[in-house]
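Some structures to go through are shown next.
Paired with chain B in one complex and with chain C in the other, chain A is shared by the two complexes that follow.
Up next, the complex of A and B:
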């Protein structure tokens, strides 16, 4: 098997599919990446590119009625997760791999107190008494900087603001000292100022606990501020992977370049009359995932695309320094 | 909360006043004459008029109403036309069997329905779900009296495990009391079980789609905790509402069950009183039923606040 001794999580050729009325949707189609101990890995891409499904696949939370992990391997500390029993997965979830979600408003149970929701995780995985778990919950609220933690334990989610609820989610996710935290768009639903606070908090806690983070976002700005390495996804596939500086300095894949051109920049000089250059959108639409894509998934929207791009899947080109790109036309 | 309860209790007064008004006048305008029944089939019209005068039924209806309401205000429901016994006493005597039957039926229905509904929602669209809901539909479609006679045939006549009919007061021993209630409460409970089970399934299915259930699963919680705490508590409000409606329906359902199983409760008292046009008893019973309904509604509204912390009165 693959041997990246530094990796705590190794995802190889992951394919996750869903059954829909229009046929099988290949939401994730052959994605591979490693997460190293204690690092922050960003996964970026637009809505529907398969980032959230990748996250749910790692925890095996794909609803079994409609979806499945069709192929590939997910290894956590060398242990294969795709074939692990459901009971063993349950012991892992919330304990060694935790997850926080995009919607803090709906991700907490409205009829249970904050204290109950954090403490039940601790009781479940640490095998401590309810009283000790409650004390742990209070500590966690202090850790995520919620003031007056003792009183907050007995409050319900609707009594908290969006930012506070996301802090509670983080407290819950970190309550059992997980090795991996998967954060699926953790700041998307929050105000910009709160976003910055939550990201700071996550990075700060990461320093303290050594938890590795997979940060899933559509926001390249968030990735730039937080991650060491970035995986760019498009239509269920990984198109580029690079250290964060390399990606921003020298994006190689035409899709990544397109994304970069679509970000408003303050450092570009204004043209005459004080107007900035128009942002460039990527022409065309994301391909339907119900039909197998033969060549490169981005070919239909790519200005560099050739016949070969449409006919054959692109090779992974190593640009050096951990920078790889899946493209026929790029020569590093 | 206390202020809310007091406010709601005061609101009971106009409701009961309207019920009293309607039941009194509807009965008077309905065909049938208790005086004619008492006087007998071949009584002369003079004899009937004499009986009517004796009962005070010859007075203007409004005057009769005023007399009745005056009594009500003093806690007096009047006197039975036929037995001359106080209506309050007649109702009090029949209350225990009906109360026991209603509560045990409710217990049977809820104890079967909630596990069935939760199971069906958890295994939605699978075989277990189909079987559970098939059973529920069958229960709902089965008339109480048919099921009652089937149960009597097997459990009482064939296997002789339980009494055929009759009621044993709780004072005569807990086991005979329970034995006498098993068949009637199962017969009556199956219909409500079906109703509650279907609502439980629907409500649970909706809740199981919610983000916080995904969160609970992402925490690796045991399935029973996810279903019975995280999901069921959120699904509870519609379930409790239907249980409340069930209590109201049960009161009318009791009339048939009490007849089939020969239980001397309020249902039997109602049927007998209506057939004989014993106005004071019918009026008294309907007021009692209405009061039960109002109180049950109040209890359900209060229970919402305990089930969902976002609801505040």
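Up next, the complex of A and C:
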């Protein structure tokens, strides 16, 4: 099963479903990718594409009352996570695999001090004394460049700014030296100057600790400036995967191409003779995920689509150099 | 031709405290802002959260009363007008929000929502109103037969089209657009930005476009004003702003923003440290001096005025 010796995390044919009043939602529908040791992998897509559910599935945080991992395999250092006991998962989460979210306020406990929360995690997973854990917490605050760390240990989350709270989340996530950090839209709620600080911090710490990062975002700019490889998702499926340069220089899937032409550019002067150019629109809407999609999920919005695209799932085409695309019509 | 001008606009929100709830301070949300917008022009107002950009928009719309300063709409000073006297002017300035859904009555049909201003301003009723609404639906890219649907039956992008149709219904001169595409996915965002540009070119609308997103700003604006803690720190045409930013804060914003180009991974970013200070206690002198890498002694005590350093290029900095 274990195909890629460099991979620390191997996701194969993952399918995650939720029960709703409208039927079963196929939020993730057969997604595969590898995360290599120490690398940053970006997962990008628009709302509802399944990128966050993929992250929650890896951590086995899908609420059992409404959802389930219906098929597929998730291997972490060769160990199958989909069938692991909840006790074993608890030992793993926050220790060897940890996670940071978009809104740190919802993941921090408002009635505990920052120091207590970080130390709690360290005591639980590393089995050290409270005193040593508190020292570790202070070290971590220094590491995420929170000034005056000793005083900050005794502060509550509401006393910190949004950027500082995200730093505390990162400190907590890295406090037990995880091999994998899953970051779900970690800078989306932050202002531009603070986003730059947090992204720089994450990449810097990755260099220092060797932690591999899965960075989930809707923002192509964030992906371009942080990731080594990128997975593009649409309607619960992976449509393209490539090294970051290849993806931005030569996007192959019609959806990826559409996305790149739809975004206004910060870095280029796009005006033609003083006129503002039109952005390319992607017509139509994302398909409903309550009905099984027979062919390609993008076919209904794709200008290249043929009968075959609507009838049969697209093959995965290898464009070489780690660049793959799920499409009938594109020839690399 | 100037359609909207603000002159030394100030909005302070009082802070009350203590046993007697006396006034103990003020949040200086807008602290002396000047600009003018011409017919057919988009002025972008960009800045980070708490910089006062949305308060500028609300004050101009007279949803909140300014503390001081002047708002001139189509040559008339509307600053001191009471709600009754303001009424005829409201037709000329309309707004679109980030989340149009929150301003739509869930029990009314989409057609009724869009047609409401036509009745309120006594422009059209009955059949004529319905015909106008149908034409508006078509103009913003919605099917006229969806007039009978309710707001919740529309997607996010379609709701923003409804909000635009409603704003257009009374033929305004100025539209204040506060983060109108921030909640939308990129593919839908492109549709709405294209629509806004088309409508402007067709109808000669003036836009005050408020956003935190520099890429969107660069796309839609003609001129851009950068705000920091209640003040405009730089104001110029967009080409100059992106090619030769003069204020250190503008420089920092442009450097911090990400772009879809992997080659930028290796660039050296000028990252400003620290957080934005509270607008209740803005630093003395230049508000940006606490985070500015170039600050000198003067910056901590003297307010830099917004000066025109080149034709049309205004900057508030002692060093430039």
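The working rule: the second predicted complex is superposed on the first by the 323 of 332 C-alpha atoms of A that agree within 3 Å, B and C clash if a C-alpha of one lies under 4 Å from a C-alpha of the other, contacts with A are read in each partner's own complex, and residues count from 1 in each chain.
FYI, contacts are C-beta pairs under 8 Å (C-beta built on N, C-alpha and C of every residue); 3 or more make two chains touch, one makes a residue touch a chain.
Because the structure is a prediction, the values reported are computed rather than measured.
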So, after the overlay on chain A, do chain B and chain C clash or fit? They fit
Query raised in the report: Should A:42 be classified as contacting the first partner (chain B), the second (chain C), both, or neither?
Result: neither
Three-chain overlay: angle at chain A's Cα centre between chain B and chain C, nearest 10 degrees, stands at 80
**Asked** Does chain B (first) or chain C (second) touch A:251, or do both, or does neither?
**Response** neither
Looking at the overlay, does A:93 come into contact with chain B only (first), chain C only (second), both, or neither? first
**OP:** Scan A:200 for contacts with chain B and chain C and give back first, second, both or neither.
**Re:** second
TODO: Tell me which partner A:282 touches in the superposition: chain B (first), chain C (second), both or neither.
DONE: second
One more residue to check, A:61. First (chain B), second (chain C), both or neither? first
Between chain B and chain C, more residues of chain A are touched by C
Subject >> Contacts of A:121 with chain B and chain C, given as first, second, both or neither >> reply: first
Q.
With both complexes superposed on chain A, which partner does A:106 reach: first (chain B), second (chain C), both or neither?
A. first
Exercise for the section: Examine A:178 and indicate which partner it touches, taking first as chain B and second as chain C; both and neither are also allowed. Expected result: neither
Shortest distance over all C-alpha pairs of chain B and chain C after overlay on A, integer Å, is 10
Given the complex, residues on chain A that touch chain C span 46-47, 161, 163-164, 191-197, 199-200, 218-226, 244-245, 248, 258-260, 262-267, 269-271, 276, 278-282, 285
Per the touch rule, the chain B residues reaching chain A in their complex are 124-125, 210-212, 214-222, 225, 229-230, 233-234, 307-310
As the complex stands, chain A meets chain B at residues 59, 61, 65, 89-95, 98-99, 101, 103, 106-112, 120-121, 124-125, 156, 158, 169, 172
Within the complex, chain A is touched by chain C residues 48-49, 155, 185-187, 189-191, 193-194, 197, 212, 214-216, 218-220, 239, 242-243, 252-265, 269, 271-273, 275-276
